[in-house]
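Following are the structures in question.
One chain, chain A, links the two complexes that follow: it is found with chain B in the first and with chain C in the second.
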Partner chain A sequence: MSKCYINGTGCISAQRTFDTVFLEAAEVNNQENVLTIKDPVYKNYISPGAIRRMGKGVKAGIVASSQAMQEAGLENVDAIITGTGMGCMEDSEKFLKAIIDNNESFLTPTSFIQSTHNTVGAQIALGLKCTGYNFTYVQNAVSFESSLLDASLQFASDEIENVLVGGIDETVEYTMSLFKLAGYIKTESEKPYQIFPAKSKGVVYGEGATFFLLENKITSSTYAELAGVEIINKLPIEEAEQKLNQFLAENNCRISDLDAVVLGYNGDIDDEIYFKNLAENCLKNITQLYYKHLSGAYHTASAFGLWIGAKIIHTQEIPAIVRANAIAKDQYNTILLYNHHKGRDHSFTLLKRCQSTT
Partner chain B sequence: MNQGVAITGMGIISAIGNTVEENFTALTNNKVGISTIDNIVTIHSDSIKVGEIKKTNEALVAELGLPADNNFSRTAMLGAIAAKQAVKNAGITDINEYKTGLISSTSVGGMDMTERYYYEYFKNSSILKYVESHDGGDSSQKIADTLGITGIVSTISTACSSAANAIMLGARLIKAGKLDRVIVGGTDALAKFTINGFKTLMILSDTDNTPFDNERKGLNLGEAAAYLVLESDEVVRKEGKKVLAYVSGYGNANDAYHQTASSENGDGAFLAMQKAMKVAGLGVDDIDYINAHGTATPNNDLSEGRAIIRMFGNKAPDFSSTKPFTGHTLAAAAAIEAVYSVLSLQNNVIFPNLNFKTPMSEFDLLPQTSLKHKPIQHVLSNSFGFGGNCSTLIFSKSE
Partner chain C sequence: MEAVKQELKEKIISVLNLEDVNPEDIKDTDPLFGAGLGLDSIDALELIVMLDKDYGIKLLDPKEGKAIFESIETMAKYISENRTK
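Right, the complex of A and B next:
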């Protein structure tokens, strides 16, 4: 029955996060309604030939996972578990467009081959020659948390000693135009876009690849203990507080033990009701943070949220840019994350500081 | 051996039948489901054969009693039909009486609607409802809503091994006590996307697929959905449930060889089988039947065959691929083959590997080509997918 510790992270996002300590280079971009990733120097990690072939998410996933492993000082892993809401959209769209535009003729297989949702996990395994357990979850806003849940089960049953867990999603032009058409993304006329508090329906979309190296032991690189994770498909707003208390109780914790909560505020006025319901009531005396104004909203943005939580416990600093209220604490030892999308796919994730790293 | 996790219900819809009983009748009477394609307009219709469910989307909407403004993809509808059957078969009347989850799987998700309406979205606002049905997770939301499941719901997408991994996760959730009951399986509808994808890879057969035959030309794509109900021993005891069989072993490994091709010696497949045997606590002599992945592509059957030889030596158990009946149903394949594995255990029968004529030149493995009755205690089922994903499940008799 092993515990599970975050011993390495790698984050490619719409902010400069791949070569920074934390969010010191972060800036709010309120001029664009689709935020795209700041590319790291891919050639430091991937051969030039491969860079040309690979989709954005695959490249970013490889770099983020390499960083997480490097931080933890590991060269291979027992398992690779990824989550992606939309999968490899670049290649899917390329292949689908070719089918439709050319009436099913003159097609080449490359983009089809790279279109499956498990491509990122597969390419990481291929690069590492890692023959271990390899799963990919595609459950909208809990794609990443499903991966965390899977990993935590395997630590609890001592099936693995370490695992790479990541959340990856990429934006692609035509699908973004469909999302705008369907009203999922804020309209140009609303510029400058405001995420919190929300003023309208729709989100500022985003993309990113965030990986964590989880291990069954505390090391010199340990950020925090991943103390609990729960996914809930449907949660009526009036039951949210009770469910939260139950989740905390199952992890030997109460609301009064929380030093900060990281909330998935995404700029959508309807989605915000769920967050506010907790933030203005049972969590009102707790330090509140948000992050989707930095990362953009996408199905696995919550992995970026977890990166923020882990960094706060590690650095014991809260960057002003992520604060949603003014409450401050001397120490940040226990952090809760809560996220959902359109009232579905709710998740609670709990991080605890490890005593030996303090 | 380790008993494993109880299977108390199952449901299926495939090209060979709309119920478990119809599938069993087809499997035992050589009634195949491979035909020319009716429901999708494609330029390849004369050059491919598919395992198609001969029901239109309108018929599926009517069967599920969905409102006119529904936004179910075909994948979601097939899944909902099979999952409802499974729950009914398990005798469940109150789905939330126990902590119940859904672990589904799909590879195409709502691609069938996306490819149909891709450019039309900008001209017709009444179809915009399908934009959100594209995601893999949407089909699981709809199945969860159909069944009334509100707790743990997730979806696995690891190409053609997806449903095996859904069953594996479900079994682990029960073992860990996270859930008392979980509906597990997969669903995939035929789509132009996958038809053209496999076509460009030149692994679609223009005739009936012939697994493990030296002259095999490739696969027939199919569509299907199947779900199992897994329940904890405590629920089984308390409710006096009839156990159909047990999920006794499972293993997942990555071939780490190539994005779409399997390694020459089936490294990933071998590892997956080895892990599953270990979890089940079984030896090679204990396996009575292998329901092979056997897609009838040159690469798969050679790699899988070699892995079987590595695992079992010269005394490989009886094995067959049931894909000549159903076609390769991608993410759903391991779920329908899980149903077939349970049927094999329940009826002590091995289903034939149809269309086999010439042994492969590379080894002496011969599939079971006719229906064979013999006592069956343990069935091993393989499923392999793009991205090197290799999964093995072991099903064991309930006595």
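Right, the complex of A and C next:
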């Protein structure tokens, strides 16, 4: 993988992550089965003329990307790559509802224009007047990792020197009601909801926008090196450990080099098996962390996980609220992230501390 | 006519999602596009659909729009004279 570094981050989530350092205000909401983002004051970032047409995912994406660029000290970028599992659902629902309510007549343009999956990337580019490479990946639970992979390929081919990469998904009422009917979301009767260890099927759903400013050089704002990303769409549970070792070896690393592992525990008892398979065996001596009890589970929640990994390397601190076990290290120099969704779309992401952060 | 003007102001704020704008902020003769409310071409499409849906008025000649959408007053006058519902 071509060398690239996380030099800025921005995170809008179900926690207050836009005006805090690192989860010091975080709390677990075990009373809601759909967690919604804590909104910043969007008007501080987006003009009133533009904001009135934007869904919450677009607004959150613009603010998160703006924060990432600000941290990195950049005013424009060479490329914008976004990942989203569901796209701009708020406007999609509005448009589809209008079709039904008005018997396929009187369709207005705004919600249609704003409903496409690439709206966030497009609106960021419009705001920045960025005419560079702009791509959006819609690949379920590896949408964000697909964006990271693309970014690394852009660096490898010397197409870019910096890029905004983000994961965005939003919750909307009707779609959430369908997910509840389908059993994807935990039932009200299970309150208070427990994510880890899981007790039942279904997840506590969530939403968020998390952006990273990646550059091909280390700067004073560098969080960590993005050392490796791999997506495996199908991975039998009995092959997971072997695949993990292979991924680490390809990135000049072994399990014993890991200081922490960020696991995508989502509260679903069936999904948990895959994480436990590694956590209770080859990773049992490693500091284990989880995050979906804070962010909720959604297709690009792994971007929130990466934000946590980057923050840990940057601050060298682990908030107690994300710990899944009690193992502690003196330093956190190498962090692995592992995620999957319903036994598919597995991803490994490797972060390494680099010179400016040591 | 006054009732139509008030209704129009409320509908425009709602349909165009004009944040921090109240009906009393919009003067009857204020330009809707450009300097006044600052509406744009996408808003014009929204207003055309609103005329059709809520008042049964189909604007077939786009050139007409410029005069009709000049202000709340011109819109209200046109609606009062041409509405079918």
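Here is the rule we go by: the second predicted complex is superposed on the first by the 355 of 358 C-alpha atoms of A that agree within 3 Å, B and C clash if a C-alpha of one lies under 4 Å from a C-alpha of the other, contacts with A are read in each partner's own complex, and residues count from 1 in each chain.
Just so it is clear, a residue touches a chain if its C-beta (ideal position, glycine included) is under 8 Å from a C-beta of that chain, and two chains touch if they have at least 3 such contacts.
The model shown is predicted, which means the values in this text are computed figures rather than measured ones.
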Partner chain(s) touched by A:228 [first = chain B, second = chain C, both, neither]: neither
Residue contacts with chain A in the superposition, chain B compared against chain C: B
Contacts of A:167 with chain B and chain C, given as first, second, both or neither: neither
Contacts of A:309 with chain B and chain C, given as first, second, both or neither: neither
Touched partner set for A:55, first chain B, second chain C, both or neither: neither
Partner chain(s) touched by A:95 [first = chain B, second = chain C, both, neither]: first
First, second, both or neither for A:125, with chain B first and chain C second: first
Partner chain in contact with A:109 - chain B first, chain C second, else both or neither: both
Footprint overlap on chain A, comparing chain B with chain C: 105, 107-109, 113
Interface residues, chain A side, partner chain C - complex: 48-49, 51-53, 102, 105-110, 113
In the complex with chain B, residue positions of chain A that touch it: 80, 85-87, 92, 95-97, 99-100, 103-105, 107-109, 112-119, 121-123, 125-126, 128-140, 142-143, 146, 149-150, 153-154, 156-157, 178-179, 181-182, 184, 231-235, 299, 344-345
Complex interface listing, chain B residues touching chain A: 42-44, 102, 106-107, 109, 111, 114-115, 118-119, 121-122, 128, 131-132, 135-138, 140-141, 144-145, 149-159, 165, 169, 172-173, 175-176, 178, 192-193, 196-197, 199-201, 252-260, 267-268, 271, 385-389
Parts of chain C lying in touch with chain A, wherever the complex brings them together: 15-20, 38, 42, 45-46, 49, 52-53
